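As structure tokens, here come the structures.
Heads up, the next two complexes both have subunit A, just with different partners, subunit B and then subunit C.
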Partner chain A sequence: MAEDTVTLKINGKEVTTKKGNMILQAAEQAGILIPHFCYHKHLSIAGNCRMCLVEVEGWPKLVISCATMAQEGMVVHTNNEKVRKAVTSVLEFILLNHPVDCPICDQSGECGLQDYYMEYGLHDSRMPLKEKHRKRKVVDLGPTIVLDTERCILCSRCIRFCDEVSKTSELAFIRRGGKMEITSFENRPLDNPYSLNTVEICPVGALTSKDFRFKCRVWFLKTINSVCDHCSTGCNIYAEYHQNKIYRFRPRQTDYVNKTWMCDEGRLSYKALYSRERVETPMLQIKGKLQPSSWNDALDSIHKTVETVISEKGPAGIGVIASPKLSTEELFSLKEFFGNLIKTPNIDFRVDDGFQTNKKMEDDVLRRVDKNPNTLGAMLLKIFPTENGADIKGMISKIDKGDLKMLFLVTDDILKKEDSEKIKHSLEKVEHLILVTPFKSELFKSCEVILPLKTYMEKDGTFINAQGRIQKFHRVINPPHEAASLVEIINGLLQMREHQIDLSSIEKVFLRMGSQHLFFEGITFEGIPDIGIQLKIGEV
Partner chain B sequence: MESKKNIQYKNSIEKFYLAILEGMSITIRHFFKQLVTPKSKLVTIQFPEQRREYSDRYRGGHILNLRTDGSTRCVACMMCPTICPAECITIEATESPDPKIEKRPVKFEIDMLRCVFCGYCVDACPEDAIIMSKQHEMAMYEHSDSIWDIQKLSKRAEIEQFGIGYHPYDPYAKDKKKGIH
Partner chain C sequence: MTLTVEPLERLGELMVVNIGPIHPATHGTIYLKAYLDGEVIVKAEPDVGYLHRCFEKMCETHPYHTVMPYTDRLNYCSCFMNNVGWAMAVEKLLGLEITPKCQYVRVILNEFNRIIDHMVCIGTNLVDVGALTNFWYAFQPREMVYTLLEKCCGARLTVNYCQIGGLIRDIPSDFDNESKTILKALPRFIEDIEGLITHNRIFIDRTKGINPVTADQAIDWGWTGPCLRACGVAYDVRKAHPYYDYDKFDFSIPTGTNGDVYDRYLVRIAEMYQSMKIIEQALEGLPDGPVTVKDNRYIFPEKENVYSNIESLMNHFKLVMHGIKPPVGEVYSYTEAANGELGFYLISDGGSHPYRVKVRPPCFAIFQAMEDMLPGHMIADLIAILGSLNLVMGELDR
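Up next, the complex of A and B:
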């Protein structure tokens, strides 16, 4: 037996756990769930809810398993009659002053009280309705959160989160006994950048998110594993949707990236999908007017443009501006087509300075300065101009000189640069401007072809975060009408040239990536686990 | 072929025309019988001027109950769209100005053409906000007329005419107990 482990018996099951682990943690390892409210994996132990009572043989009283260390040879019972009776009584005390307003409570459906009541309670309240303590309801706690002090069970998870993780300490208890409640000092707002995590860890409906409040009951929501695209940290998330509309993002636990946390900006980033009007069909400029067209006509027009530009100016007459918001596969297929096949030297993705700040943290919790999800992916795939090639700045000046005839622009992120007016003015001069974008843009007037792009919630793919983990996301909702991913668009263009390269499925893209880049070798999309894989990339 | 047609013709005389006369004789017999029976013993009801008494559990068009101050009793808890087997109820919730009520519907619509009148919504409602009337005549000219919105559901002039149908609890019992009503 190793010195740093202990072996104990829980419900007749032998469990070996790390020395210093609590009984609750050891039981969790063995798949035995002990009811709890105040214990949270990534917070300090408070031991104030008393729900996790267990019996240890030879000990005079029941003990709380979240704050009792597992010891060698312990015999623990978590579900015998004595324990169940005690837990039921604890639950009755917790529910004593609870308003039981489940019909209008946003937490119902995922509430700890409801779950444990069904398992341990099923009692009628012995407290007459009139004698229940009345406390403050619908308290505005800040820009993101509403507090209901009546529903609160005083587990102090939110207080500990603000003390230990966000380190802002806005919340505290006031008063004592039955009148005890949560408050922020002098009613100052709870507005730290991680505030919505308090809603997430609240086991009851005391803290509710202003954004999600009353939008949808949780039992209607369906969940799909995904990754947040708001910064280069790439927090693992659950995307939750109902009837083809996303209602919320919730953090998904990964010890490698985000533990169980997520920043507010990322959590609310799903709104960006609905903030701008979408492009629904391909569009062609015919006689000075933008008209909807079929995919075939649009791709055919691009194909012909590429041919004419190459015959006139050679591959150097074509420029490609990608975006670090694209998935790894999309960036790869873009590079395959324009970089390796047509051999244009002008290819770049650096629409902002994310490539310099990719690893830089904005604070010491999660947020990074680089607000693009896949900057490292673009760097690894070398979406840079080759020798004699021009970067974005070079391409703009080439346009002004009239050397660049065709520009393949993916998303209009380039307009976020400081000198956007100048860039816009330059882009108007490009003879053939092809824009691939999910959203309607102010560049539309000067475009020759516009292709509708799927947002990352509408396609399968991967992002490579700042740590070099490749993490996959899945399609959550359906795209509007005919939008396509860039892989599909490039595959269409490849077929027009009747070329051998086959990028018709995501697995084929991975196979090809593996044959060209060492760190993708042997990786398949199917084979990437939900928590992602660390790529062996060394220093980039 | 002709002989076959003749046989068919003879058969039809027996089957149809004789049968019609036989049937008519019954009708006419009853006609005269009715003339001599006293009015109180008649079985025929003169619909729609005269109507049969419906059961108090009759499940007709819905009613949304109001509080005594005129606001809707519904708190948009979404129990009825959850239980509804026809998925005909659409609710959008919002913040209520009264913190004691907290939640209220901005949109409450029932598509009467989808509704199967099972009454589950009435059973599911924790506020006794939705009940049913005895109204069953709901023919409409436009499909859009089949969607009853919150105004139509709460202010039902037809209730006077048809009366309240399925309602397991007296919607105002709670208020009466509290002494509000």
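Up next, the complex of A and C:
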């Protein structure tokens, strides 16, 4: 036996665990779930809910397994008559003053009390309704959160979160006994960049999110594993949707990236998908008017433009500006088509230079300055100008000089640049401006062709986060009408010329990426686990 | 009076008549393609599925208790019996013992449903062969039974009165009286029909010797219920595999001899008297006590408690939203419904929905014999035969 492990018996099952682990953790390791409210994997131990009582043979009283260290030779029972009776009593006690709120409570359906009642309670009430303690309801705790002190079971998870993770310490208990409740300190609002995590870890409906409150009942929601695209951390998330509409993002546990946390901006970033009007069909500029067209006509028009420009100015007359919000496969397809096939040297992705202004949106918990999910992906795929090529700034000045005839612009993120007025002015002068975008844009009137793009919630793909983890996301909702991913668009363009490039499916894209870049070798989309893979990229 | 059947090579010369899927004498969306030589059926091709509603798949996507209303739509002439069939299957899966009072109420209402189901069968069968008057005699007691059901649960046709582990609510205080009133009134109607029909020359000519089925044939086809018993086989689930104290009641199984349309009529008439006998005994011994067992894992709490305490509210909430979670396992549960053995085969994977539900509706087995039985009969016989088999599309097609 190694010195840093202990072996104990839980429900007759031999479990070997790290020295210092609590019984609850050892049991979890063995697949034995012990009910608990206050214990949380990534917070300190409080031991105040008493739900995790277990019996240790030879010990006079039941002990709380979350705060009792596993010891060599211990014999633990988590599910015998004595324990069950105690746990039922604890639950009855917790429910003593709980309001009769399920029908109006947002937590219903994912509530720890409801779940444990069916599993460990099943008792009848002995508390008359009118004798229950009444406390404050609908307390406005801050910009994101509403508190219901009656529903609170005083587990203190939220207090510990604010003390230990966000380190803002806004919350505390006041009073004692049946009148004890959570409050923010001297009415200072609960306002920190991670505040919505308190809603997430609240095992009951005491803390509810202002954003999600009363929007949708949780049992209607379907869940798909995804990745947050709000910054280059790439927190793993569950995207939850109902009837083709996304209702919320929730953090998905991964020890490599975000543990069980997620920042508020990321959590609410799904709203950006609905904040602007969408482009629904391809559009062509015909006689000074934008008109909806078929995909065929639109792609054909681009194909002809490319041919004309090449015959006039050669490949250098074409410029491509991508976006670090595109998926790895999309960036690669773009590079394959314009870089390798058409051989334009002018290609760049660095549309976001908000690094300085974003400074205050960074901290050492999760948030990063770079608000793009796939900057590293674009860098790894070398979405840079080749020799003699122009970067974004160079392309703008080439436009002004009349050397750049065609610009393939993916998303209008370029307008986020500081000198956006000047850029806009320059873009108006491009002879053939092709814009691929999910949203309607102020650039529309200068565009020759507009193609509707899927947002990342509408397609499969991967992002490479700042650590170099490749993480995949899946289609969650359907795109409006005819929107396509950039891979599909490039495929359409590829069909119009002769070549040896096969990007017809996401796996084919990976195969080709693997053949060109060492760190993608052997990786398939199917093969990427839900928690992603660390790419062996070294120093980039 | 079986006529000789011409060889099938002549099919091309025959007249093809489509009977159904919408036809007044088929009492449902049944389709028969009949090849006629004159008025004689040479070949008949029955077709099913016009009322297919994915019953089994619907059950598999719903929590157990919400399946109950769907069962009402199986044999809609005796809805309560289907309710009992489903409830019994799930209770068997859960290992749930229902209360004695519930058992007796289920027996009483089952037998009332059997009577009205037979009434509908006989009434419409007689309309089809030209005896319209009896229809009123048959449908009047049905009205009385529906009124009793309405007093019990508020609904008349699709009652949805059972719940897993008991009944949705207790029986009304005048249940006993009401039932006895019906029992008292019933014989008059049955006797009226018997008086008009049993020795009626025209009826006998239309039905006696028509579609005789031997016991062996019927067993081979998997027949159950009155149609099987008309062939002389005394098989009844209530006797063979008794449930709900059926073994304690004194009743007999009427059987026929020829297995023809006429015998099926006789058996149904006789069964109604037996059902009345059972009801009388059950009313006599109707125990007191709750109609629903108490088990917070599976049974909904009282509404009053749901509104006033958190435990019952959560219990109710979880049962509605996430359903009951029976142990992993499979059961076959079967009852004697009005038209034969109604079976539910249930597989649970431990989840809130059944993993698989298979219904054995009594008339599906009966219907499969159509193709073999019909050739040689005249087209008018076909109508008499259809009615006597008591095909109910709701359960045939599911």
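As a working rule, the second predicted complex is superposed on the first by the 530 of 540 C-alpha atoms of A that agree within 3 Å, B and C clash if a C-alpha of one lies under 4 Å from a C-alpha of the other, contacts with A are read in each partner's own complex, and residues count from 1 in each chain.
Assume a residue touches a chain if its C-beta (ideal position, glycine included) is under 8 Å from a C-beta of that chain, and two chains touch if they have at least 3 such contacts.
Being a predicted model, the structure only gives us computed values, none of them experimental.
S.K.: Is A:Leu113 touching anything from subunit B or subunit C once the two structures are fitted on A? First, second, both or neither.
M.R.: Touch status of A:Leu113: second partner only.
S.K.: Applying the touch criterion given at the start, work out whether A:Leu95 contacts subunit B, subunit C, both or neither, answering first, second, both or neither.
M.R.: In the superposition, A:Leu95 contacts subunit C only.
S.K.: Of the two partner chains, subunit B (first) and subunit C (second), which one does A:Ile104 touch, if any: first, second, both, or neither?
M.R.: The answer is first: A:Ile104 touches subunit B but not subunit C.
S.K.: Quick check on the superposed pair: does A:Leu518 touch subunit B, subunit C, both, or neither? Answer first, second, both or neither.
M.R.: neither
S.K.: Which partner, subunit B or subunit C, touches the larger number of subunit A residues?
M.R.: With both complexes superposed on chain A, more residues of subunit A are touched by C.
S.K.: Is A:Trp219 touching the first partner subunit B, the second partner subunit C, both, or neither of them?
M.R.: A:Trp219: touches subunit B and subunit C.
S.K.: In the overlaid three-chain picture, which partner chain does A:Leu122 touch, first (subunit B) or second (subunit C), both, or neither?
M.R.: In the superposition, A:Leu122 touches subunit C alone.
S.K.: Who does A:Lys137 touch here: subunit B (first), subunit C (second), both, or neither?
M.R.: first
S.K.: Shared contact residues on subunit A for subunit B and subunit C?
M.R.: 101, 103, 219
S.K.: Taking the touch rule as given, give the residues of subunit B at its contact with subunit A in the complex, in rising order.
M.R.: 75-79, 82, 93-95, 99-100, 102-103, 126-127
S.K.: Could you pull out which subunit A residues touch subunit B in their complex?
M.R.: For subunit A paired with subunit B, touching residues are 101, 103-104, 137-138, 213-215, 217, 219-220.
S.K.: So in the complex, the part of subunit C that touches subunit A is made up of which residues?
M.R.: So the residues of subunit C in touch with subunit A come to 296-297, 305, 307-315, 317-318, 321-322.
S.K.: Which part of subunit A faces subunit C closely enough to touch in the complex?
M.R.: It comes out as residues 92, 95, 98-103, 108-109, 111, 113-115, 117-118, 121-125, 127, 129, 219.
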